[in-house]
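Right after this note come the structures.
Look at the two complexes coming up: chain A is in both, with chain B in one and chain C in the other.
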Partner chain A sequence: MVNRDAQLYTIEGIAASLIILLTAYIVLNSTSIYTPGDSHINDMQLEVIGSDALSMMNTPVNGSAGTSALQAVIENNDSAGFNTIFSNILNNRTGATPDTIQFLANVTYVVPAGPNTGNVNTYRLNASRLLYGGEHAVRVSQWVIVDTYSPALGHDIFPECVFAQCRGKHAALVEVLLWRD
Partner chain B sequence: MTDDAAILSVDFLVGFTIFLVSFIWIANLVPGLFLGLSASTIDYNAVAYRTGVILAEDPGATVPTVFTPWEFQTANPLTATTGKNNVVRFGLAKSKSTPGVLDLNKVNSFFNTTLWSYPDDYRTRAVFGDYPYRFNISLRTFNDNMTRFVGDLIPDNYGFIRREVKVAGWSNATIDQTMISNRGYNNTENVTFNLFTIAINSSELNYDNISTPLLDPSRDPAYRIDPEWAEFMINITGLDKSPPRMAPVIRFDDINLSSVAFYRQPYGSSQFIGITPPPWFQCRYYNDGNSTPVTLPVEIKYNVSMVCDPGFFSGVAPDNIIFINMTYGAVDPTGANPNYGIQFLNSSSSGPFQYDYNATNVTQPYLEDGVLEVAVW
Partner chain C sequence: MARLNDDAQWIVLMGFIVSFSLFFLAIVLNQATVVGQTTAEAVSEFPKEDIRGVRDVTIQSLFLDNNGPYTNQTNVQNEIRILSLNREDSVVQFSSQTDGTHTYLNFHYNNGVTAYNETYTYP
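Let's look at the complex of A and B:
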């Protein structure tokens, strides 16, 4: 007996296969398929640059200077200075066009004296711009020894300390999140 | 009677054709899917990273029997070929303990492409690997805004690493009018010539304190002035202005630097031994701000500079004291006694000028910001 069922199935089959093929084509030709194999290289490169930048910023420029630029910006609470120096080091290239790495830097420390002794606190040093949810950031850090009483400012650089009660050398951790535009 | 066998055959034919076309198409797309995972790209990045680490964090190496740093292996033009063969690994760091702080001698030698040929010399000493990689290595320093590079033009697909570095420069000393007056360097007697001495205490520069074991230098290597391999620059200025201290004074137009002699004093010894540096290392003299070196004796109106090549004192043991004796005379346009009453540099009563880590004596080596980039393909 002749009917049209088979023809209908064939047309459905062709339509379905075309949809599947179109979908596969769009997926496979999309510009970025983010695989773990790609991401670890970019992350590694960003971590190396960030780690180098913090390390170089924490190196005094000569033997008689004594204080590194990183120590100086923390001791003087100079967030604008940090932005200028760190951005320059971070984005400098051998060619004329600078890189476009963004950063967000925090300082973490243990309160060395006073009623809050032993508390771990963090404050924002500076950020080139806000970090949104979709950014893929890496984290680098550098320990720095700072004099927690700033003669230039005339007061303690950690807000929990008053009346120079935290005077002396203490460790602080500078943590920076880095991502590309 | 009609049956549906033929219709089934057409279905099968259509379905199978679509399957085959799709299969071929998909099979052609699959390699592109793994483009980001292809071995060569990962390898290029890994090789670039390794090369970056070697250059930024390692001081380089020579064959075990040779102790002269690799960057000076080619200094002697007669043994340059042997010297090149002695270099097993390039590395630009000032020392193993100062990653990221580069040595200016190493930088200058590494980017000297008349000395080292691209790509073979670099491939065997910095990039390594069995595959014949091509590469581009560049270094930009920001105080002088200078870019050095070695290698090819960079193609589209390559492995890459960037290292933020500092390049340690040279120290220099300027002895100006104030220093001459305050320290009594113009406090001369009536002598037939004036002798001014500069002392470079190697043991102090290398070890700060000689009582420290010699194998344990205490100063951070990033800021160390290495008497053997550092450049020395000494500027003496304001010679026309040195005020007279003793009367009577007859002012002559010029003085001259008639000769410079180099001596060393071994540690704990009172003996002075002459230094004969290798002829390929030299000290150059510049008078009155001229950029062309002059030969001694030379007349000076205002100032004089002495620049000694890195390696000039390389034969001096690291615990010796180096003495640079500058002999000054007078140019006498009047025909009078040329050496009477003239006031200029004489360290016989004040003691030698100390070339050391005291920042008031010597402008200490400055660490200049730089960026090193390695591209490999």
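Let's look at the complex of A and C:
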């Protein structure tokens, strides 16, 4: 039984089996399964686009100490203007066909006067269309300091404030939901 | 070969070397996808934009006047704290003092996972 025949056949066999095992291991190990939990990696791209768009809107012209476009939109309650500027920044791209990113923008603030003083409240700035429930949206936000009494409108911009009772500067958070159609 | 002669030893050796180096290349390729995913996850979990946003607005608030009757600075700074807690899920605490030449802003941010502390000095 034990003689010295076919030693190299045996070695070759062992080497070949090792090669097959390693190959199978690497091939099986290389598959990565895309689970719902991994979708945040794609969402991150949309978040970056949205944050950049809001940052651009919140930068005053020429870096001056003046009002940024986003501040002006809120102080004048100019929802149509917000739609124009924000949609253009989000969706314009090289070539004729624009991107299809949709948004829903809210302004959140601390109620400065009236019976609900101190509560956090939200009003709608604008939306490219309403949410129906099937959208996979990401959230981005941008801080602004706004003058809550609007000379252009002749009244305060926060709904709770009437008769100019909360004039002065206040912090507000512009929160935007973004999704692709 | 199987009859134990000495021919073609180099060819066999080179065959083994090439096949094993292919394995190493395959392992490197195999790891590349995982490394990309881990990095992307680490980046997306770090609240970069949140920290940057609240830090920027806090620094802006330093330059507001605090005269009556509006007391802009006090109002804005309180609202930043409240809105951070309510809408950004983060505790923000800051205070500033001046020594005549410089103003120092001590800024702390914590969202339960990431903590960020900074002393901002101007001018």
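In this text, the second predicted complex is superposed on the first by the 138 of 181 C-alpha atoms of A that agree within 3 Å, B and C clash if a C-alpha of one lies under 4 Å from a C-alpha of the other, contacts with A are read in each partner's own complex, and residues count from 1 in each chain.
One rule holds in what follows: a contact is a pair of C-beta atoms (placed from the backbone, for glycine too) under 8 Å apart; a residue touches a chain by one contact, two chains touch by 3 or more.
Source: prediction; values computed, not measured.
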item: Contacts of A:L21 with chain B and chain C, given as first, second, both or neither; value: first
item: First (chain B), second (chain C), both or neither touched by A:N62; value: first
item: Which superposed partner A:R167 touches (first chain B, second chain C, both, neither); value: second
item: Partner chain(s) touched by A:G134 [first = chain B, second = chain C, both, neither]; value: neither
item: Partner chain(s) touched by A:W143 [first = chain B, second = chain C, both, neither]; value: second
item: First (chain B), second (chain C), both or neither touched by A:E175; value: second
item: Partner chain(s) touched by A:A53 [first = chain B, second = chain C, both, neither]; value: first
item: Chain B versus chain C as contact partner of A:M44, first or second or both or neither; value: both
item: First, second, both or neither for A:P115, with chain B first and chain C second; value: neither
item: Footprint overlap on chain A, where chain B in one structure and chain C in the other make contact; value: 6-7, 9, 29, 38, 41, 44
item: Chain A contact footprint on chain C (complex, rising order); value: 1-2, 4, 16, 19, 23, 26-27, 29-30, 33-34, 37, 40-41, 43-44, 49-50, 53-54, 56-57, 60-61, 64, 70-72, 75-80, 82-83, 86-88
item: Chain B residues touching chain A - in the complex, by the definition given at the top; value: 2, 4, 7-8, 10-11, 14-15, 18, 22, 25-26, 29, 32-33, 36-37, 42, 45, 49, 52, 56, 99-101, 138-140, 142, 147, 149, 160-166, 219-220, 222-223, 357, 359, 364-367, 369, 371-373
item: Chain A - residues contacting chain C, complex; value: 6-9, 12, 15, 19, 22-23, 26, 29-30, 32, 38, 40-41, 43-44, 47, 51, 108-110, 112, 118, 120, 140-145, 167-173, 175
item: Residues on chain A engaged by chain B in the complex (per definition of touch); value: 1-2, 6-7, 9-10, 13-14, 17, 21, 24-25, 28-29, 33, 35, 37-38, 41, 44-45, 48-49, 52-53, 55-56, 59-64, 88-90, 92-94, 99
